[in-house]
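To start, I am sharing the structure in question, which I have written as structure tokens.
We call the chains A, B and C, going by the order they appear; numbering starts again at 1 in every chain.
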Amino acid sequence: MIRYENVRKVYTGKNEDVVALKDVTLDIDKGSLVVLLGPSGCGKTTLLRLTNRLEKLTSGKILVKNEDIKTFNEVKLRQSMGYVIQQIGLFPNKTIKENVGIVPKLLGWNKKRIDDRVDELLDMVNLDPTTYRNRYPVELSGGQQQRVGVARALGADPDILLMDEPFGAIDPINREQIQNVFLKLQEKLKKTIVFVSHDIHEAIKMGDKIAIFREGQLLQYDTPIDLLTRPENRFVSDFVGADRALKVLGLIRARDIVNKDYSKLVIQSDIPAEEALNNLTANKKRFFIVLKNNKPIGYVDKQVLNYEKGRVEKLAKPFSGQIEMMETLRDVLSLMLMSEGAFYPVVDDKGDFIGTISYKDIQDKLVNIYKEDED
Amino acid sequence: MNKLLEYILENYNNIISLTWEHIFIVSIAMVFAVIIGVPAGIFITRYEVFAKKVINTANIFMTIPSIALFGIMLPLLSPFNLGLGKVPAIIALVLYSQLPIIRNTYVAIKNVDPAIVDAAKGTGLSRWRLLKEIEAPLAIPVIIAGVRTASVMSIGITAIAAYIGAGGLGVLIDQGINRYYTEMVVTGAIMVSILAIFVDAFMAALERISTPKGVILGRKLEK
Amino acid sequence: MIINFLGKLKTFFLFVLFVLTGVYLEKIGFFDYITDPYEYPYILRLLKQHIVMVAVSMFLATITGVVVGIILTRPKFSKYSGIVMYIVGLGQTIPSLAVLALSLSVLGIGFKPAVFALYIYSVLPIARNTLAGILSVPPEIKDAAKGTGFSNMRILFEIEIPYSMSVIITGFRVALVINIGTVALGYLIGAGGLGELIFTGISLMDTKMLLAGAIPTTLLALFGDFLCELASFILVPKGLRTSSKTN
């Protein structure tokens, strides 16, 4: 969707030239959210602003939908892309409605269409249209203002959004909220987004792919997991953080490492104890996982089965916790650290048993990921 | 007091005509001052290098006492027969008004938050749209404030211009002093004061009306 | 590059202007006039009168203006500040000639009525700026001072006044420049001063007399303005200096 070819940007100064971007080539796929990440001055904002021609290319090409952006009229190009900046920049002399509807108005939509669209957009960012549409920016909090900023960028339903540290000026609590709202939105809308950030956590949370920059050069362009598990050089691994193993835990989900070996160790809850015991001894097993209606309710071992009678359902010792398949490994590990248990059952969104996870399972999986790490 | 009222009633027509003359001079001068000053103010926001120099030059003119300026202009313009009368008065008024108008225009435009300008450009507003929809509405109240200062100042200077033959309410003061006619002097003084106060109030109202609602709310909330 | 050229052009232009003015003045006999032993004591006397009127009225106005300004910021009187400033503002709107004329009708002609009118007219900018200046001192700073144990008097003299120095001096400067110009009008109500040369020069169409009044008045005003800049430099604490004319 967006293609940067050998992009180079030099600022000529009185005493010396500053090379903001050295030679950047990058492809952004349709529907993906790519984070341009890096320290101050690395060129990420410059690259963003070159995309809608707020800055001029020194050399190289930028193609949007396979057409060179130079062939478009500057103003029309910008109207076809959403633009959100850190300082928000809502027009103080216009109402929220007028702010959000500015691009549709420039494009000549009729009044009713604009009004409907404004309400639709305000709804999408969780701002009640009736309350907010006639307010002025100065009456809203920072978080609310930026949500309006996002709505304004989506005004004419552009395919591309350019966002420059959009949530940077918002306090941490609201920032998390608005990030979540935005992620949900993106899931629905599937826009192509170029998102500038200097925060690795934000990048991992928001990005489908991350492009790391340093002093005008693109160092690595990968998915968050690949970036964390296979940093290409010292700078990247430092930038990403020494705790990247922990960060990865936030990206991998239980279902990615669920161990299905124990599926053979399953028995139904209505089986009587004696039968279970016989089964255990015959197959040289040490325990069974008890399922009722396919849901794990506990386990039984020789000890229990020896001394009690009745259905295993009644005798089963409950697990100290269970894991849903979509939970991140971070939450799984957190559970493991808080309770004792050799392993835990994993269930799907209906609650049905799909396998187990133990600490060793996590270790095995992660060691494999980092195998090519040492450099 | 009675004598004063008597005087006013007897010379009502003259007073009114002088008032109109006064208003006429100030209005013409303001029109020219704005036509020159506002574009100049916009110009120096685009070309910062000139900003300091232009404003300093305008400031120097403001420092010169009005009667002195009239005095200096007299020999300069007499060869063209323009040393006396309304023309030198209007020229002086225009010069005096440049500082408040240029400076206010410059400050007004500069004070528009650059983040807003960036957001506007990035969203796809053309230069013209940006000026029309955002910069102008925000800048106009401040520019009007500048014109207000200039107008009130001009009313005072025009009174002095009576001494170089420009007419206006200063004539009442001048002739009143010459004839030892106190009521005439007081009428002149009061009329010109009323005019000044009225114009000031009028322009203050204009300022208020032209301030966008979003900005007024902002000020209220700050308190 | 272009800026350098324009700068040089401007300097050249001013130089030419200066020379032409000198030539012109010589031609009309200006220099002869002001160096004429019959005339120049007279001119000097008017200049002295002018300066005295400015000095006396500005001195009284500054004391009154600053004191009133400060008083209005004290909590006990702050409720009057609105009304007083409104009246002051109104007063500023009234043309200087009108103030002189009214003073004439009430107090008669001469030095004293003129100085009185000047005094009234010059208090306004000073009081207003003093008030605004002191009110603009960030409350946190006063609070910190109080917390440290400053008495109210100390806060006033060591914090509030230095902080508002820049604004107060600006008010003084505005008042001073207007004052010098208005003193020139003082001639009309019998107070003398350089205005005598200007107005008489106009009536008699005597250019050299006119300029003998207008030029010194202008120079006086420019010099006064310059002195204020200097004062600002000296009196405003280093950490608070802001750029002047674009404010």
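One rule holds in what follows: a contact is a pair of C-beta atoms (placed from the backbone, for glycine too) under 8 Å apart; a residue touches a chain by one contact, two chains touch by 3 or more.
No experiment lies behind these values; they were computed from the predicted model shown.
Relative to chain B, the most remote chain by averaged C-alpha coordinates is A.
The most central chain, judged by the distance from its Cα centroid to the centroid of all protein Cα atoms shown, is B. Chain geometry summary: the mean Cα position of chain A and that of chain B are 59 Å apart. The distance from the centre of chain A to the centre of chain C, each centre being the mean of the chain's C-alpha atoms, comes to 66 Å.
Distance between chain B and chain C, defined via averaged C-alpha coordinates, is recorded as 20 Å. Every residue of chain C that touches chain B in the complex is listed here, in rising order: 3, 10, 24, 28, 90, 93-99, 101-102, 104-105, 177, 180-182, 184-185, 188-189, 195, 198-199, 201-202, 207, 210-211, 213-215, 217-218, 221-222, 225, 245-246. Of all the residues in chain B, the ones that touch chain A in their complex are 113, 115-116, 118-126, 129, 133-134, 137-138, 212-215, 217-218, 221.
Interface residues of chain A facing chain B in the complex, by the touch rule stated above, are 49, 52, 54, 75-81, 83, 85, 87-95, 102-103, 106, 136-139, 149, 152-153, 162.
Of all residues in chain B, those touching chain C in their complex are 49, 51-53, 55-56, 59-60, 62-72, 74-75, 103, 106-107, 152, 155-157, 159-160, 163-164, 170, 173-174, 176-177, 182, 185-186, 188-190, 192-193, 196-197, 200.
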